[in-house]
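We call the chains A, B, C, D and E, going by the order they appear; numbering starts again at 1 in every chain.
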Amino acid sequence: GSGSAAASGSPVVIDVFSPFSGPNAFIGNQYNLPPVSLAAKLINQDGGVLGHKVQVITTDSGQDVGDAVSAANKLFAQYPNLNGEVGITSDVASAVVPLFNTHKIPMMSLAGNEALDKSHYTYFYRVASPDSLQGAAMAQAALKLGYKTAAILMDNSGSTQSNVPALVKAYERHGGKVVVNLALASDQSSYRTEVEKVAAAHPQVIFTETDPQTAATLFANMKQLGILGIPTIGGQEVDVPAYFQAVANAVGGYSVEDKFLRVSVFTASKTPGFPYFQQEWNKIEPKKDGPAGPIQGATYDAANILALAMDAAHSTNPTVYVKYIRKVTDNPSGQVVTNYAQGAKLLKEGKQISYQGAVGPLKFNQYNWPTEGFDLFKLNASGKLVPMFHQPGASVANFYLH
Amino acid sequence: MLSAVGFTLQWGVSNVINWAYVDFMTLVAFLDYTFTHYLHWNFWPAAILSVLLIGVLSLAMNQLLVQPFLKRGIKFFNMLIVTFGLGTIVQYLIEVIWGPTFFSITVGGQQPIHVVGVKLTVAQLIIIGVAAASMVGFHLLLTRTDLGKAMRAVSVDPSLAQVSGIRTNAVLNMAWFLSGVLCGMAGLVLAFNTASFDSTTGTVYILQILAVVVLGGIGSPYGAMGAALIIGLVGEWAALLINPYFNVVVSLLALIVVLLWRPQGLFRSLTSGSGGGTA
Amino acid sequence: MITYALNLVIYFFIDLILVLSVNLQLGLLGIANLGFMLFMGLGGYLGALLSMGPNSSVALQHYFFGATLPFPLPMIGGILLGMLVGLGVGYLVLTNMRGHYLAIMTLAVFMIGYTFLQGVVPIVNGENGLYNIPQPLSAIAGAGHFSYQWEFAVLAGLLAILSFWFCQRVIHSPFGRAAKAVRENESGAEALGKNPFRIRLIVMVAAAGLTALAGVLMAQYVTAWSPPAWSLTEIFPAMAALIVGGRGNNWGAALGTFVIYILVGQGIGFIPIMANNPNAEYAIQWTIFGALVVAFLWFRPAGLIPERKARWPERTSHRQATSPPMSHVEEATHG
Amino acid sequence: MLKRTSLESQAGRLAVKNLEVGYGSIPIVRGASVEVEPNRIVGIIGPNGAGKSTFLKGVMGILPPRAGTVVYDGRPLQGLRPDQIVSRGIGYVPQLRDVFDNLTVAENLDIGGHIARAGRNQRKDEIYSQFPVLAERRHQSAHTLSGGQRRLLALARALMSKPRVILLDEPSAGLSPQAMDTVWEHLGKLKDQGLALLIVEQKARALLSIADWVYVLVDGRNAVDASGAVLLDDIANLGKIFMGGSESNTDNHVNSVIH
Amino acid sequence: MDNDTILECHDVVCTFGGVRAVNEASLSIERGTITGLIGPNGAGKSTLVNAISGHVRLDHGYVAFDGQPITRLRPHQVAERGLVRTFQLASEFPNMTVLENMMTAPHRQAGENFFSAVFSKGRWQREEERHLIEARTLLASFGLQAKEEEYAGNLSGGQKRLLELARALMTRPTMLLLDEPMAGVSGPLIDALADHILRLNRETGLTFLIIEHDLGFMEKVCDRVNVMVNGSVLTHGTMKELREDERVVEAYLS
């Protein structure tokens, strides 16, 4: 690209607002910060946004809403010219999204909170479907595969538990039966009792979402009690390589072939931009942050979308460029681009674009979340994800509501 | 159970609730992991060395941190904060050194074996063996040696113990070393059992340990053993009848009920004489 | 900048109320209550429930009732709930328990409450917690966040000052003196006609009310309230503030709150090297926190502003600077 | 009258010279000297708050002396920890916290004999026969003893370490006249066995009639020292010495009481 | 019970495990007298006082004070009725100053009510001033005036005994139970305190029950002395009478 044009003036400041401490520190450290840094690096190689270098800063949202509100206020004070926000996890979203909205800072978040499903915060965008729809998608997938009785083993974190009501509702309305539903306290030394209960109920499928560490123990216990044969279905939370790794370690290789399924919010493998993202990712962070996964991809896209919207608006001013976010992602008349450099070039030429980066096209609905739908994958013996079928957004929504 | 006995020993003898205890439990897993994975040592040398290291660390903590503070007349609550601070530092040091991800130590033979109708893995059998052996050793130490009595004397009144000719410092160090070793063993057992651990693994256990120790009577190793059994059983039982998520609640309820009935815990503690009632 | 400064001021006021309440229990009375965050949690929840509208499917939260009460009723409700539960817990733990056993008992009560509220969604939305909590009197301020912060700061400030005054009175009165006597030597105090149970219970209930008030304010300020906001580890900064500031002294509590919550809690982030080391920030914060506490206990075990020797006018000629009898310190909490 | 031997090292002699001890920055004992040797009972008397207990704590290494020397058997003791001092053969019975409350009588004695294991059980039996009350209550917790029984136990505990010198801080407090006689008698026997005894007492008369030499400590300093018999003759004068230096002022006691 | 009896114990029994510390002890004390209680170590004197003051439960028997049964009252209730005791082992409030220890003592202080403590300072301030004067006068008479700002925990053994006594007087009791008040107090001071006690008794009619092993002191102050042996009251009389009583000599005076 036009790498020769030296970036000038004040930088474009993008903040990553995530937990960087406490038990969820891995979310900030592994899922959110590295992909945003990668995006910024690529953008800056390309000469920056409208000639401004992108500067990535971080804010630790801490362990609770109180910490998060204070951290946000400090952020506004320290960076009065904040241009955009990536991150904001579900545990603190309900408290800080209104604050960012008041300060008119465009946000790109992965938070699935039901509470924000019908939000009218004009600066708040989500790059993942709501948890409720995801729960419904898991139910739909199970029924499609013919599993009529299910156990639910979700950890007790807010982001997984919020799948459960929709999951149960949709599953049972369409003829399934939940035989066991247990919340798991995270990071225990053993889940034998829980697993025994599941074994005793003989479900055809297990819905499970936990953090990777809990999964390691859980699957080890499942192996000990000999119920690895029951298929498991998970969602966004398990959509990370670390999770697969943990499970593989615990059960000794990816021997869960065909039994380990997951509903993905993102359509990573279908997306044209994913190989490029993966290639760049492997260049900088081959080991430290693990292999590239869809969640990292989504976060990387989030940063690119903000930058492209600025390009399209010819302005880094949040109140101006926020209106261009839809125009660079879900634009039927735009030309498909798979990375920032391509998009920036076309925009400079006055053309319209439709960015399809590391994770599928993001078609935002009126509540600013993507409606593309879900895909069901299975993990094969060599640890690769193999797509099984697509669940269109509309069909899942219908399944959920009726 | 091992962990609770070690903990109760520290608490009983030096009157200190060591919040950092659980972080030492985590640390031992990381040490062992380092020895086996980076230095490619065998299972036993790695395990023994890491456990001993924790014992030494525990001793150092007593000598360098706890004792100087106790000498300045700082007790109980403030010590709780000191140890909590230390624990957090250990926890974050682990995070800085080994990173914020989780690790796993795997021992062979995860296939379950049926022992009198219960499915157990080889690892679990080893654990039970080691736990039983160390409990017997511990029992002998406390009842058959002068060190045991000296520990009790120090725990009741350190200054009087000193003017009775007991080398209080050495006795305390010994107590901390032993409980450090127990802590290390408990941490390893935990790591083998859990299949994965990270820098916060131990912290989850502080409550369970506290509950067991108090239920057993502070400073009473046998109490801790008994209470560990009771708490474990009540928890399992609750898990089967109600939701396993609430087994902590049920164990704690059991604790409250027992304490209301016997405010000094179930068992006579290390520090009270045989005639001791409530005082 | 002003927004952030105001934000800090508000946090200071709220944390001050919390630390003052801990000071009443721990400093004045030597009650080793490790479960006081439960009162904070309950206050926050009831304050929220009383001010929020009834649960509807639109709100997409799960809780069991919502009363839409105007200010200050939610606040008063929160305080009353705190006091009520404080009374119950008091009867449970103060009747025949002392020292370590009392501490663990309160911890157990706390954990039961915590696990329950976290695990049973329909009460207060479980782990996700409550959000969109209305802020008191937000109608009379302008629409912007900025001006409302001023209003909230004034409200929190008034309540903090009121709490401070209240605690001063409690501590520096014959009642406080009797409480101290109970702390120092229970049977001695009893022999002088003081009723230890009654004194402990009153202090516990009053402190629970204050803690709950801090909870209500915090929940209303951040507009959301979930279990991690009142988790077990939150007790440590509060206790550290007392150690640094000085136990048994309200001015000490205030200074300690400032040092721990504001200087250490917030100041670290401003050290330049922290900027792009997000995970180091927290680690360093805790390390400094730990080191500070250790240093204070070492060099100034009684805190920055130690418990004041009670002084009466006249006859000051024989004043001698002496330190408290160390071997007796905290004997009372040992039972 | 007793002839005082010179300071030169004599086996078993405990010599304290110009000792200064205090709490924090407050000096309490300001240069007191006391000597005791085997086969002797030496007493210290003085008004309340004179610094007698503080003096003993200084000797035992519980409080660090700021000045002065403590020499036992020709070797200095200052700078040693209390347990080291005990293992040099010096026993100590404190005034207040004197027994292990939550341990049984027997356990208290065992701990007393911690450093002298040989013949421990035999010594225990001797003590039981000397003080039958303790034998009766050997399995009872020390805190359930009566005040007097407790003092006996404290004394017995100190004796269990087979000391050569023993420092007693008010051994008679709380003892019935009968028990006191037994104790004095026992202490006399110990003296005859070659022990050196240093006794702080308030029951001046009893002490003076048994002690070979007595020091009067007022305001942290030696006021008078003489043989017990001499002071006993002049006991009326003792009150004046006491009051002269002490902070308490008895003259206005009675006058000022309007209750 | 005759009108002048202020304290009456009847067949009091206290057992601990197998030990009968107090065994059917009966005692009656007339208003305005100074009564002694002597007996060998372990006779049950302190336990009897504990039983009267509510610190120990009776297994049997009853105690009446001022015509009212107090058998099952809690210690603070007994104290509030004007029956105040001191302890054999020091029971000062160590981290409070000597003066503060004194100021804590008076019963039913207006400012001890939580609400008036907080909301109506005026109500108790006057009272505080009065107590202050009283406390200082008492401290002076016990030779502790120089120590008023010292932490009580830093007093010497004897000074703690004195403070204990002064603090008990500060409560304006109707009757005082003193458990070995003179143990560890220096000789000349004992004489002065004996005078003090006699004077209080004469001038204010304060009733005393004193446990002491110092017989000289007992002889000087007590109208009558009870002798306790093996948990029960063996006999009573003046000191002089008791010295002649063979049983007493055998059991106690040897």
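Assume contacts are C-beta pairs under 8 Å (C-beta built on N, C-alpha and C of every residue); 3 or more make two chains touch, one makes a residue touch a chain.
Quick caveat: nothing in here was measured; it's all calculated off a predicted structure.
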| item | value |
| --- | --- |
| Contact distance in steps, from chain A to chain D | 2 |
| Chains touching both chain C and chain D, listed by label | B, E |
| Chain whose average C-alpha position is farthest from chain D's own | A |
| Result of counting contacting C-beta pairs for D-E and A-C, higher pair | D-E |
| Whole-Å separation of chain centres (CA-atom averages), chain A against chain E | 76 |
| Centre-of-Cα separation between chain D and chain B, whole angstrom | 42 |
| Inter-centroid spacing, chain C versus chain B (mean Cα positions, whole Å) | 30 |
| Chain A and chain B: spacing of chain centres that average the CA atoms, whole Å | 40 |
| Set of chain B residues in contact with two or more other chains | 95, 100, 159, 243, 245, 248, 275, 277 |
| Junction residues of chain E, two or more chains touched | 16, 146-147, 154 |
| Contacts with 2+ other chains: residues of chain A | 22, 25, 29, 156, 183 |
| Touching residues on chain E, where the partner in the complex is chain D | 16, 19, 38-47, 88-90, 137-138, 140-144, 146-147, 154-159, 162, 169, 179-180, 183-189, 192-193, 195-196, 199-200, 203-204, 213-215, 252-254 |
| Chain A contact footprint on chain C (complex, rising order) | 1, 3-5, 7-8, 11, 58-62, 118-119, 121, 126-129, 131-132, 144-145, 218, 221-226, 228-229, 231, 266, 269, 275-276, 278-279, 281-283 |
| Interface residues, chain A side, partner chain C - complex | 16, 18, 20-22, 25, 28-29, 33, 57-60, 62-66, 68-70, 73-74, 76-78, 80, 90-92, 94-95, 98-99, 102-103, 113-115, 117-118, 156-158, 161-162, 165, 183 |
| Contacting residues of chain D [partner chain E, same complex] | 23, 45-50, 53-54, 95-96, 133, 140, 144-149, 152, 169-170, 173-181, 202-205, 238-239, 242-243, 246-250, 252-254, 256-259 |
| Sites on chain B touched by chain C in the complex | 11, 15, 17, 65, 68-69, 72-78, 80-82, 84-86, 88-89, 92-93, 95-96, 100, 159, 207, 210-211, 214, 218, 243, 245-246, 248-249, 252-253, 255-256, 259-260, 263-265 |
